[in-house]
Amino acid sequence: MKITNKIIENHGLKKEEYKNIQKLLKRDPNFLELGIFSAMWNEHCSYKSSRVHLKNLPTQGKHVIQGPGENAGVIDIGDDDAIVFKIESHNHPSFIEPYQGAATGVGGILRDVFTMGARPIALLNSIHFGSPTHPKTKNLLNGVVSGIGGYGNCIGIPTVAGETKFHETYNENILVNAMAVGHTKKNKIFYSKAKGIGKSVVYVGSKTGRDGIHGASMASAEFDENSEEKKPTVQVGDPFTEKLLLEACLELMKDDSIIAIQDMGAAGLTSSSVEMASKGDLGIELNLEKVPCRENNMTPYEMMLSESQERMLIILEDGKEQHARKIFQKWDLNFVVIGKTTNSKNLVLKYDNNIEGEIPIDALASKAPIYNRKWVKKKVSKNKFDFKKLKKIKLEDALLKILSSPNHSNKSWITNQYDQMVMCDTVQRSGSDAAIIRIHNKDKAIAVSVDSSANYCKSFPSTGGKQIVCENWRNLIAVGAKPVAITNCLNFGNPENEKIMGEFAECIQGIKEACEFLDYPVVSGNVSFYNGTNNKNIYPTPVIGGVGIIEKLSRPINHNLKKIKSSLILIGKTFGHLGQSCFLKENYSIIEGMPPEINLVNEKNNGETILNLIKKNLVLSAHDISSGGLIIALSEMSMSSKIGVKIEKPKMLRNLNEYFFGEDQGRYVIEIDQKNLVEVEKFLKTNNIYYDNLGITQPKYFEIEGEMKLDINDLFKINEQWYNNY
Amino acid sequence: MERQFQLNLKKSKLKFSVTVTLKKDVLDPQGKVVLNTLTNLGMTSLQNIRQGKFFEIDIETKDQLEGEKKVKEVCEKLLVNLIIEDYKINKL
Amino acid sequence: MERQFQLNLKKSKLKFSVTVTLKKDVLDPQGKVVLNTLTNLGMTSLQNIRQGKFFEIDIETKDQLEGEKKVKEVCEKLLVNLIIEDYKINKL
Amino acid sequence: MKSSVIVFPGSNCDRDICVALEKMQFKNQKIWHKETSLPKSDLIVIPGGFSYGDYLRSGAIAGKSLIIREVIKAANAGCLVLGICNGFQILTETGLLKGTLLRNKNLKFINRDVNIKVTNNKTNFSSDYKLEQVLKINIAHNEGNYFTDKNNLEILKKENLIAFKYCDEKGNITEESNPNGAIENIAGIYNLKKNILGMMPHPERMIDKTISNTDGINLFSSLLNH
């Protein structure tokens, strides 16, 4: 087939990139080779627009065993235990086919974790939809939630936490990010680096079909009106087969048969084989006629680019084939030696002994393009927002408005569709600030949470970037965990647009500053660009997934109030920042101003002090204050426990809305047994913590003295109704 | 009275069936497992099984064309995922 | 050679379809919800929907009667839960 | 007491039930579905999960497996058999238990803690509970909507074969407390000889205070005391 300009364009390659290919090959590529270049050089696989910025992120730390660059990050949680985790986007496929898109997103991230030798122990997700009134939203929400549940429930890994948000910026481009967390022993971590020449390259798992051919390039292109018409063959997930693959892989990993292992994710056989060879600085030769195929007459091009799910590539030690084959046969999975490692440093593709394609590995990997794209700084918006001009609103009305809004409604409609309990180590299920998963057979646990704040990031990206790291950090603190490391999924618009690239660069700058200060390194992540339609880009939506350690599970903390007549203390200073707040958005439809500032020094001090109080067993419950401010945090603590509160009006004369709805950062509410109050206050003072005594807990009523008094059951009903009526 | 009413209703009702099948090339995990099981149960002469959905729909109309049009709408609105499935309508 | 072989195979293959439906007095939660949803979507002329399963089966045989017998066996052995479901076989 | 847990491809609560049985001092072993014989055991457990992906109908394919024939033999010989969730579905597919489990009435997977009431405490599975005791137990299923014909329902009632019913916190059998639409709020049933119990709720998830509560323990202790 002659390579025309049209074909090059259809492969998402720019003219200069094609010239570069010709130069690297010293000839024209054939069609198969072109397909392979296009798969490896697209944004999704090559990170060509993001790399120069990503390398600024802090990736080292005393707990880090493996930072970015492998299938997933690995941290040391003491004893001989290691935690493996990563987050990944599946935005584009989920918009086209929500159930399968979300399901295969979960399947993909699980493979990233168990390829490294870890048994997955928890799933999380961050999902963003368009406006609830948009005609597509309901169907997408339904499909995505049942897809996430469908996969996780079937394979038997609990889905324990996440976030769900609605905003019109996602009307035509939803976000579906899935995170998986696994556990392994420190001496049982598997990597993707090939070693040795003449070693068997083995294909295991499902057969290859014509699924999602060019999925990776699709994820790297903007949608236009025709995308829905084009409807590329979507991948269908098969969680049952994945369960078998998981068990078979873990069984084979018990000894040292495996030299290297890599799942077939985006760009399937191509990227898995190239990555293993590239990391080992070796060549690889594949005999494509051996690839197990689902359909007749599949071409080498289709085999190399298929994104069929539930497949892996393994490089085996000499003489281990029989042993390995037996295991995969036991689990009824395909097991075929399809090639070998070579010293040629080339990817050689043969079909019935004819060479169909031959490309130097470095041309596909290290020599893939890298762009330092132009970007512009975000300008500080000048118009100062004048709070005095707003119509008066009653505290109670504003509270109810927020609690009944889609973004703040109780998420049990979603979380009840996920099996959160399977594996019987879920100490804290969805509904609190972070989920807690016990390490099997031990008295320690990890806490996990995912967070994003697209509004903040849009209005001022560098502050937004800092804020999400801090919010995520706080969520772990609030359940008594020491935050250890994060993974991140960077969902942005078109990087060829200077403003978007600016949002990207500045968000990363913010993330970096916060991570460095909090000693909270990034160990894995994923970038998803081109989220937008017809030049409309989504708000910058970096998502942070954090993991923390709970050394001893004597008393897990959550945000449910524990008893009557205990004291409530607000940690951190309240200034009443309403810019970009949920109060303005839900009550006045105003989206204005700067996001709240982050003071990293206070952030760290507040968090560490709370952690110490928890360790001393002085805290009954804790909740961080985020979107919606103090009053929302208090009402959540009340609703989850059905215990009321009686809050005094602030002593200083101030605007009540600012006080109760302000979104100042670095704050928490903690519940303290009265008998410990003196000790706690003393501790707070010696640690230089700013705090306010808020009031006490009481039966039945959510009360702000002299302002409002509501039955908690009514509050709860209002908070629950939105999803059930949608 | 009641019977008469029911008879009237019956008269103005048409029955359709819809079969929904996965598009060619789309993975059918169910069919795969069912085929394996049957082969293991000794049914070796089976070559392939694909699983789909089946609906019986009663529509209030006397006009077959109109009925078909409505069933088509039902299919495209809800029953069928056009991205991975095909469907066929039959008058019963 | 290979082609000839495939042709032979083709000749000796029969295709059947099977529709499996819930027995009349068995509750069909799926059909009910589907009907509700469609009614809410404004499709008020729908009277009833019942959901079942559909299979396409390729059998290696030249003999229709034998084929049907085998398909029947497949149904009763696995595809159909005779306690709650009925089935129908069609030659395609 | 010796117990055997049958593991099918796609079972995923096998580890959980094994942990529970071992914690309760059963001498337990896992039996892979390709085995053709069962070791001598006092209790056979078919765990929850998605055997064979729950493709076709939940439990259907496992119901045809080789090992299930052995389970049927043992059950008919009087061995105690407990099917939880997918295990219940499998037991109905084999005919060891009457009736069937349809999709939840809301067509969604449901995972949450629900209340169930012990409706018969005179069996080997329930003697350590009080009659009418209300338990809070986790459910996690797509097809838990128990259905059976009138005839069999009569038998279930007459022979006292209903093991548990969904109820509210106070033990009232109401429609709101029925999570999945099961006929007469049925959450679990026995066979005529009461040596087989199938139930949708997961007692093995309720044996550890750190995780949930301990309402499931008495089911296992009843078995031990038997």
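By letter and in written order, the chains are A, B, C and D; residue numbering begins at 1 in each of them.
The rule we apply is simple: a residue touches a chain if its C-beta (ideal position, glycine included) is under 8 Å from a C-beta of that chain, and two chains touch if they have at least 3 such contacts.
Every value quoted in this text rests on a predicted model; they were computed, and no experiment measured them.
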(request) Check A-B against A-D and say which one is joined by more contacting C-beta pairs. (result) A-D
(message) Roughly how far is chain A from chain B, centre to centre by C-alpha average, rounded to an integer in Å?
(response) 39
(message) Centroid of chain A to centroid of chain D, CA atoms only: how many Å?
(response) 36
(request) Please compute the C-alpha centroid of chain B, do the same for chain D, then give the distance between them in whole Å. (result) 34
(request) Could you tell me the distance, in whole angstrom, between the mean C-alpha positions of chain B and chain C? (result) 9
(message) If I count partner chains per residue in chain C, which residues reach a count of at least 2?
(response) 77-79
(request) Any chance you could list the residues of chain A touching two or more other chains? (result) 238, 240-241, 332
(request) Find every residue in chain D that makes contact with two or more other chains and list them. (result) 52-53, 55-56, 61, 64
(request) If you connect every pair of chains that touch, what shape comes out? Choose line, ring, star, complete or other. (result) other
(request) Using the touch definition up top, name the residues of chain C that touch chain D in the complex. (result) 25-27, 29-30, 32-33, 77-79, 81, 83-84
(request) Would you tell me which residues of chain D are touching chain C in their complex? (result) 56-57, 60-61, 64, 93, 99-100, 102-107, 145, 147, 149, 181
(request) Spell out the residues on chain A that touch chain B in their complex, using ranges where they run on. (result) 96-97, 99-100, 206, 209-211, 231, 233-236, 238, 240-241, 294-295, 308-309, 332
(request) Spell out the part of chain A that touches chain D in their complex, as residue ranges. (result) 146, 149-150, 153-156, 238-241, 243-244, 330-332, 412, 415-427, 438, 553, 556
(request) In the complex, go through chain B and note every residue touching chain C. (result) 13, 17, 19-21, 34, 37-38, 41, 43, 45-61, 70, 73-74, 77-79
